[in-house]
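Before anything else, here's the structure in question.
Order of writing sets the chain letters: A, B, C, D and E. Residues in each chain are counted from 1.
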Amino acid sequence: KTSTSGNGEDEIKVGAIFSASGGAAPLGKPEMETVKMLVKQWNDQGGIDGKKIKLIAYDDKSNQNEAVLSTKKLIEQDKVTAIIGGTISGNSLAMIPLIEKAGIPYISLAASKQIVNPSDGSPRHWTFKTAQGDDIVIKKLLGFLKEKGWTNVAWLNVANAYGTSGHEEFAHYAPEYGVKAVIEEEFEATVDDAKAMLTRVKKANPQAIIVWGTAQESAVVTKNIRQLGIDVPIVESHGIGTKSFIDLAGDAANGVIFPVGRILVADQLSDSDPQKETLLKYKEDFEKAYGYEPTTFGGHAWDAFHLLANAMKEAGTDKEKIRSALENTKKFIGISGVFHMSKDNHTGLDADSLVMVQIQDGKFVLAEQ
Amino acid sequence: MEQYRRMVDRRKQWLLLAGAAVWLGLPWLVFGNNYVLSTLILIGLYALVSTGMTLLMGYAGQISLGQAAFYGIGAYASAYLTAHAGWSPWLALAAGAVLAALVALVVGIPVFRLREHYLALATLGFGVIMFTFFKEWKGITGGLNGFFGIPTIRIGGFSLQSDLHFYYLVSLFVLAGLWFAHNIVRSRVGRALRAIHGSEVAASSLGVNITKYKLQIFMLSAVYASIAGSLYAHYVTFINPDLFGIVPSIYFLIMVVIGGSAHVWGGLIGAAVYVCLGEWLKAVVPLLLPNAGGEFEIVFFGLLLVVMLIYMPNGLTGVVAKGMSKILEMSRHQKKQVAPTENHNARSIGGERG
Amino acid sequence: MEAWSQFVQLLFSGLTVGSIYALVALGFVITYSVTGILNLAQGDFAMLGALFCITFVNSGVPFVLAIGLSIMAVMAIGGLFERLAIQPARRSSVAVLIIITIGVSFVFRGIALLVWGTDPYALRPFTGNEALRMFGAVIQWQSVWAIAISVVSFIALHLFFNRTYLGKAVSACVINPFAARLMGIDIRKMSLGAIAVSAGLGALAGIIIAPISGASYDMGMMIGLKAFIAAVVGGLTNAPAAIAGAFLVGMLESFAEGYLSSGYKEAISFGLLLLVLFFMPNGLFAKMTGKRV
Amino acid sequence: MSAVLLEVEQLSKSFGGVQAVQNVSFHVKKEEIVAVIGPNGAGKTTLFNMISGIIPPTSGLVRFQGAVVTGKKPHELATLGMTRTFQNLQLFSDMTVVENVMVGFHPRLKSGILSAGFRLPRTVKEENEAREQAFSCLEQVGLVHLAWKRAGTLPYGMQRLVEIARAAVSRPSLILLDEPMAGLNPQESKQLVDVLLAMREQGFTFLFVEHDMETVMSIADRIVVLDYGKKIAEGSPGEIARHPDVIKAYLGEEAARC
Amino acid sequence: MLTLRNVHVYHGHLHVLKGIDLQVGEGKIVAVVGANGAGKSTLLGTIAGVYAPKEGEMVFEHEPLPYGKVEQIVEKGICLVPERRQIFDSLSVKDNLLLGAYRRHRRDGLEVKRDYERVLELFPKLQTMLDRPGGLLSGGEQQMLAIARGLMARPKLLMLDEPSLGLAPLVVKEMMELLTQLCDQFHTAIILVEQNVRAALQTADEAYVLERGSIVVHGKATELLADERVAEAYLGAAGRR
């Protein structure tokens, strides 16, 4: 049993909850694998202050109830020092009240800005996160649209939490950038054929089409756009940043442009980019360990783990000290970007943490320097 | 007969006493461990829903693939009425139950003209439609981002924040729910329901108003689900539509089937087994396969489910009931030898047999 | 003119989606009409078929052979499933059998997740990548394939169930298994055959969709659900009707999506289906049931 | 004895092209036993189904206890005091025999879902009464010793008896029996005949369909004969046995001789 | 042709058949009578393979019967027309009849066609309703259909479980004559379970009386018909009709 090993002096228990199976598995699985890999790396190098890290990781199966139960288990039974995880926003949000009450440093991997800036003002003393919120991604995207002068766009998002959250941020910030949606649509995550919807998009005659979804459904929509002979530029979300999008969308993927974390184009970064070295190292390690390319989600987990490990190295195992070390992290070079935490900013990232990437001839190409 | 009944009664009393002791003592047995308590609470909540479904499935013979919708109605009613309209949680819980019953009535009238798989599809459709409502009616439900800041339940001035308090609260509801269901089952209503299950024409030609009873039981099961939903909302204080979609509905169905729908305890047992199995696999699978992820748990869960149902097609209560009936049969056999006269008057037609 | 081309486009979309549902729905119906079981793992056969085929193709097996192999593999899996999970539980209630198939579907999905991971995979279209232009609308060759194959299956099954002797014997199994056995019909063999064939059809459906929408370990559930609706709308024991039901569902979705909003698409199509059911409580194309007192 | 309990006027039913029942009229008086006979497919069961409200007639009227009841649901008719048994048995096969019979007592009980759920004293009292009545009814047909068996495991003939007990337990004023003797051997039918006659003494009225002429002749006060949906004769057993049309269509020469 | 020796059958714990010995000769009609619940249907079901005996021996044409394997037993030419008709209610009357010949439709298709016409001649009532779903027929019509379907199998041994149930007297008479014909023409052996004891004994060559799972009387049908004990117990005391 995992819990009987006691709270020994030579061990630091770190809890983790990922959606390694279920609907969010494409996100959660690389997260779990990244953290497992890192724990091993750190322990091989002697752990933290000579103490080994003991990882207790649970799979919440992309289910909120499971996430809550696992959190309680981590707190009550495993008595961990800190918690990483909550792959999707819903699960993170369900976990937070418990964690705040128990007073344990917590780094979420999910994107919603509610995680650190709740609209109902509930406490977030202990909660941090490493994923760029949708607000940040949308700002990057809008900045890009504005620069290109594509101000009348079509907005299409997948009908799930990921898509609607993007939509909300878009609706919120678009006026600021002078961008207008001439048509707004939703499509199912299980879409097989989106031409029906796209006939209406075609009619609306946008300057560009924004498709906000993850690889599989976005690929279908992208293909359908081109099949209908709609020739405008397609801008998508960071959710398509995997090779399988290119496989699935085929030729239609060419020219698609989207904001994403730097890991996707790590080797194309200029050598002066502060993240380059870190990115390449993570990529190499991960590929060696698991045989496939790391994702941005794994990157969030990488960041979370290092933020925590560094804080523990600095502050020991006292929870409040770890927390305050986290809050005072400055200039931490991670996978998702360079972090500057503060009392009011428990994310520490801004739009600069993203780059625009274009798909050209089946490859991801950095579209800016 | 008298003697036999008294014996059963005494046995029942003992069982009741033992049950009460376990119920009261359980939190101390687990050292107030909140994780275990919250598992128990979850079991209790699921048990409420599945007890209602057991009545619907096992007694009225109607499959519902949309039960989570009522769970959701309760949860959102409570969430909205307490957080935004400032109602007392108890009032909100009652309002949710009434709302769920009304929805069940409105939906039930057309739906119960259907049968078997068509009925299953219709309830599934209802579930999908309600899910869409939860998802799209953002002003009230908060949409896919979820509903935050649901207040906790209070009794008098005392807030039921701790898991221990909530455990007792939920258990009370579960007990009341079981008691109510148990009473219904052994009453005229329960008999009528099972009769409907057996043969609708015959039931109706004996005076059973089929539509009325099907509707009533559907509404009752909706109330059970709704109350559980309300409690859940106050317990976790955050809800989102995914909790009330089709997949949870299927999970409720699984619980009922595991537990066995031929007995009111089926819901509770099914919920307990379902939750414990999940937690157990979570503990055991990593020991067996250190590098495996959650997918193994799913594979094992699926396999166990299949094997369990192949060997216990009537669910766990079915197995228990079979054992019990064997015991009862034996005691009746003994009785037969004591009072052979009783059989003799039975010879009026066609002589004695078997 | 534009309205017209939009209409045609929607029609084609509906037909394409409908034909996919149709193939899976056929599997449902065959299984149901022989065993009386609603196999909710049916969608997962499509998933397995698609992923097997992609794996074979990627490891260099010629395309046509890969298709054949993967269909066979899935049929074998279907056969195993019948022998190990369905046959031992034959006497259980409807709900229990449904849950058993759900359990099996969990197993399939879990195993697929282990083997293929979470990434979606692509498969090349059967023929060419270009699209056909007709009446101002676009249709892909793959859609033509999908429609053609489901129409062929439609005809084949219609003939089988209504014109052949074996077809009658097969239907007899579910109408009254006891009597069927007394006539000397081996219902176990029939059930094995039926589920294997259903699995094969499911696999074929998966292989056809893969080039259109990609394939991943969790694709089975939604396809299965939609096909289930199609089958029920059609009338469950009636193969041609199920196909008609599938096209109806596909059409409904397509037009709802094209002319109304997409957010409520699911609710709209389900809502309409419910309405249909309320007025025709035994499915749209129900035959006479032969029940009386 | 003379009050008319059931009146059937010009009742017709057609299924598509099949004219199952055509313009049949007859009546049943209180405490009478009336038999309906006729060749297979003559429309007897269909007639019963219309009288008991299971299928609506194409045209015609049914009057029960003076009120028109055409179009009423079966359960409403049961509450008014008309129950029935079925030719193709419709037992609740997963319930015990006594439970089956207790369902029959349904219209006599009042407690609804709430009072049952809270198990108010009234409900408890009702339950006991229902059980007592069920047992006394089972005693009458001689099935007490099987009370706790699952109805589905009983042999065919016994299942018929359970159906009869179930129909009778609520003491309806009219019971429709569709081939009550089918599946009983002559000895057993004779005993059932005695039971039915005894029940008539207690004020029951029966309308029944039967092919066993021995039974029909021995207990029916009156016989209605159907052929191809039409009433071809009505009268006392003696009259019917000699009626040439009936002999030709139904009884056969041989049977008529004895 | 068929021999049963010391056959014991249980339903769960219920000992239903307690050592049955029974013999059926080629082209003979054997009647089995007995009270409700005596085990008659169970006996037929056991021979047909629906239930497996726990003990005992069943030999058909010098080969042991495969216990509990219905399909294989049908293949040997044994056909059961069961209690409650068991017709395929949503299939047409015609399909019902044709399925009766499932076992042999491949081997002798033409023959099946001829039988089909012959059977319809025997039950002219069915002729008028060939396309109607079987389940919509009246009770008696369904009974005719079930018997006719059994005949379609052209079995070597035909077992009828209460075939006269629900049939009008005239039809019962015709059916009994038909059975005699069947034996004479095709040498079909028949086991006839009947509650209409008199008719059964008049038709049968031999008869067995089953009581609570055991055979209590066995003999020539005509002898039994004259036997006072039998008359009293099974023909109704007065022995009318």
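In the analysis below, contacts are C-beta pairs under 8 Å (C-beta built on N, C-alpha and C of every residue); 3 or more make two chains touch, one makes a residue touch a chain.
Note that the coordinates shown come from a computational prediction; the quantities given were computed from them, not determined experimentally.
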item	value
Set of chains adjacent to subunit C and to subunit D	B, E
Label of the chain whose CA centroid is most distant from the centroid of subunit D	A
Chain pair with more C-beta contacts, B-D versus A-B	B-D
Cα-centroid distance, subunit A relative to subunit E, in whole angstrom	74
Chain centre separation (subunit B, subunit D; CA means) in Å	39
Subunit C and subunit E: spacing of chain centres that average the CA atoms, whole Å	43
Where subunit A and subunit C are represented by their mean Cα positions, the distance between them in whole Å	36
Overlap residues in subunit E, where contacts from two or more other chains coincide	35-38, 136
Residues of subunit B touching at least two other chains	201, 295, 297-298, 349-350, 352-353
Residues of subunit C touching at least two other chains	110, 113, 263, 266, 293
Residues of subunit E touching subunit D in the complex	11, 33-38, 41, 83-84, 125, 132, 136-141, 143-144, 162, 165-171, 173, 195-198, 233-237, 240-241
Residues on subunit B engaged by subunit C in the complex (per definition of touch)	57, 63, 110-111, 113-118, 120-122, 124-126, 128-129, 132-133, 136, 201, 246, 250, 253-254, 256-258, 261, 295-299, 301-306, 309-310, 313-315
Footprint of subunit A on subunit B - complex, ascending	33-36, 38-39, 42, 135, 143-146, 148-149, 163, 236-238, 240, 242-243, 278-279, 282-283, 286, 293-295, 297-298
Residue ranges of subunit D in contact with subunit E within the complex	15, 18, 38-46, 87-89, 153-158, 179, 182-190, 211, 213-214, 250-252, 254-255, 258
Interfacial residue positions of subunit E with respect to subunit C in the complex	48, 50, 70-71, 74-75, 79-80, 82, 86-91, 95, 98-100, 102-103, 105, 133-136, 149, 153
